[in-house]
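Structure below; questions to follow.
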Amino acid sequence: MACEASLAESAFDPSAEITRFTAAHALAGGIVSFIGQVRVGEGVEALELRHYAPLTLPGMVALAEATVTRWALDGLSIIHRSGVMLPGEPIVLVLAAARHRRDAFAAADYAMDHLKSESWFWKREKIAGIWRWIEPRAQDYADLARWDRSV
Amino acid sequence: MACEASLAESAFDPSAEITRFTAAHALAGGIVSFIGQVRVGEGVEALELRHYAPLTLPGMVALAEATVTRWALDGLSIIHRSGVMLPGEPIVLVLAAARHRRDAFAAADYAMDHLKSESWFWKREKIAGIWRWIEPRAQDYADLARWDRSV
Amino acid sequence: MPLRLVFLGRLEDAAGMGATALDLPAPATLPEVLARLPAALAAALADPRLRLAVNGALLAADAKPLLADGDELAFLPPVSGG
Amino acid sequence: MPLRLVFLGRLEDAAGMGATALDLPAPATLPEVLARLPAALAAALADPRLRLAVNGALLAADAKPLLADGDELAFLPPVSGG
């Protein structure tokens, strides 16, 4: 089972990745994707994600491996930006290919919850010219806790 | 809230649709897509979906409207093929854009379960030169029943 | 009066066609329609899992339609889409 | 011995830099490291929610590392990614 994780230091094209992934997993009946992007229109001028190289990508690889172990997948891909992003730019793309769509949905959902709460990124936002570090959201921990009590 | 449903009589490009939809929903933080495609490599030479025009598209529109009522979405799009498809070709694309990713995941999942079990399509497969009609799958009904007992 | 019958899914194979026209005295009931069809097809159309639509409007599972001049009656097997 | 300290997230603001070098007698403990830093930064680094990594390996939450020659000690605030 193929799984891959990568850290993108500059803008990437989710559609091109989806095309490539879909073609590579022609045996799968269903492909679920999640695209997270910098929201437009809330006064955020830029967003920056910092990472710590010795931990961040290895953590993403470990998450991808854990996810493919947990569900019956044909393939899984995680791409996460670091660096400065502008509104409308993609931050994260998770792709899961499976024979049965339930597995693909659950795997993408699981990978996103763990990326949000457990991966080694620190986020700051620029609003009205001022950069501010973002605290973890309680909702992210609640999302994560779901996976402790179910498959 | 924008929702749309369309019946594609010939091949469509999921990536182009995802690009268009993502750009149209720049306010959304997250976009979930589901791509269903004709599996390659199981001996299926072609798949055909027949529809009944007075019911099929109106049913898809009603499903899209029910889905956007049920979750907090910025947008929802359902595209479903009819006609003859070859292995590797897309059958269905569901796109859900939401401020919070949980809503986008649930909406896409819900729309797929209902498309599979309740929309007016009849499927046949060509294997070794012989067309055979496909019976509904028990799994599809089980998937659908999930939504009766939870949000 | 003219009626149009539409056969979806595997019923198209049972009927040997996707649609056909029928002429019956108005108003016509479903048993009157089935009586005019070949026995094997009539048997396939009596499957209780089928749903019916008249002029594109789905009928309740236990409806007993009275068909009028020009009506289109569609026979809908369980769906297997997507 | 030389040590390298790395400050992630908001700790970079507290430190006024992303990383710094320090020279201490070997082996060095965390309290010895903090004692060499400005009081405000030392206070920020004593936050119990922080995690530590030595040479890229995450430490257990209650670990008391002994730092050796050339070690890189990273201070990791709660993550807020994705």
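Lettered A, B, C and D in written order, each chain numbered from 1.
What we mean here is this: a residue touches a chain if its C-beta (ideal position, glycine included) is under 8 Å from a C-beta of that chain, and two chains touch if they have at least 3 such contacts.
Since the structure is predicted, the reported quantities are computational estimates derived from the model, not experimental observations.
**Student:** Quick check on the contact graph: shortest path length from chain A to chain C, in steps?
**Tutor:** The least step count works out to 2.
**Student:** Let me spell it out: compute each chain's centre from its C-alpha atoms, then which one is farthest from chain A's centre?
**Tutor:** Most distant chain from chain A: C.
**Student:** Between chain C and chain D, what is the gap in Å from one C-alpha centre to the other?
**Tutor:** Here chain C and chain D have centroids separated by 77 Å.
**Student:** So the centre of each chain is just the mean of its C-alpha atoms; given that, what is the distance between chain A and chain B in Å?
**Tutor:** Computed from C-alpha means, the inter-chain centre distance equals 23 Å.
**Student:** I'd like to verify one number: the distance from the centre of chain B to the centre of chain C, where each centre is the average of its C-alpha atoms, in whole angstrom.
**Tutor:** Chain centroid spacing, chain B to chain C, equals 28 Å.
**Student:** In chain C, which residues are in touch with two or more of the other chains?
**Tutor:** In chain C, no residue touches two or more other chains.
**Student:** Could you say which residues in chain A touch two or more other chains, in rising order?
**Tutor:** In chain A, the residues touching two or more other chains are 36, 112.
**Student:** Between which chains does touch occur?
**Tutor:** Pairs flagged as touching, ordered by label: A-B, A-D, B-C.
**Student:** In the complex of these two chains, what residues of chain B are touching chain A?
**Tutor:** 14-16, 18-19, 22-23, 26-37, 39-41, 87-88, 99-102, 104-105, 108-109, 112, 139, 143
**Student:** Okay, in this complex, where on chain D does chain A touch?
**Tutor:** 6, 8-10, 12-13, 53, 55-58, 74, 76-82
**Student:** In their complex, what parts of chain B are in touch with chain C?
**Tutor:** 36, 49-50, 52-55, 80, 91-92, 112, 115-124, 133-137
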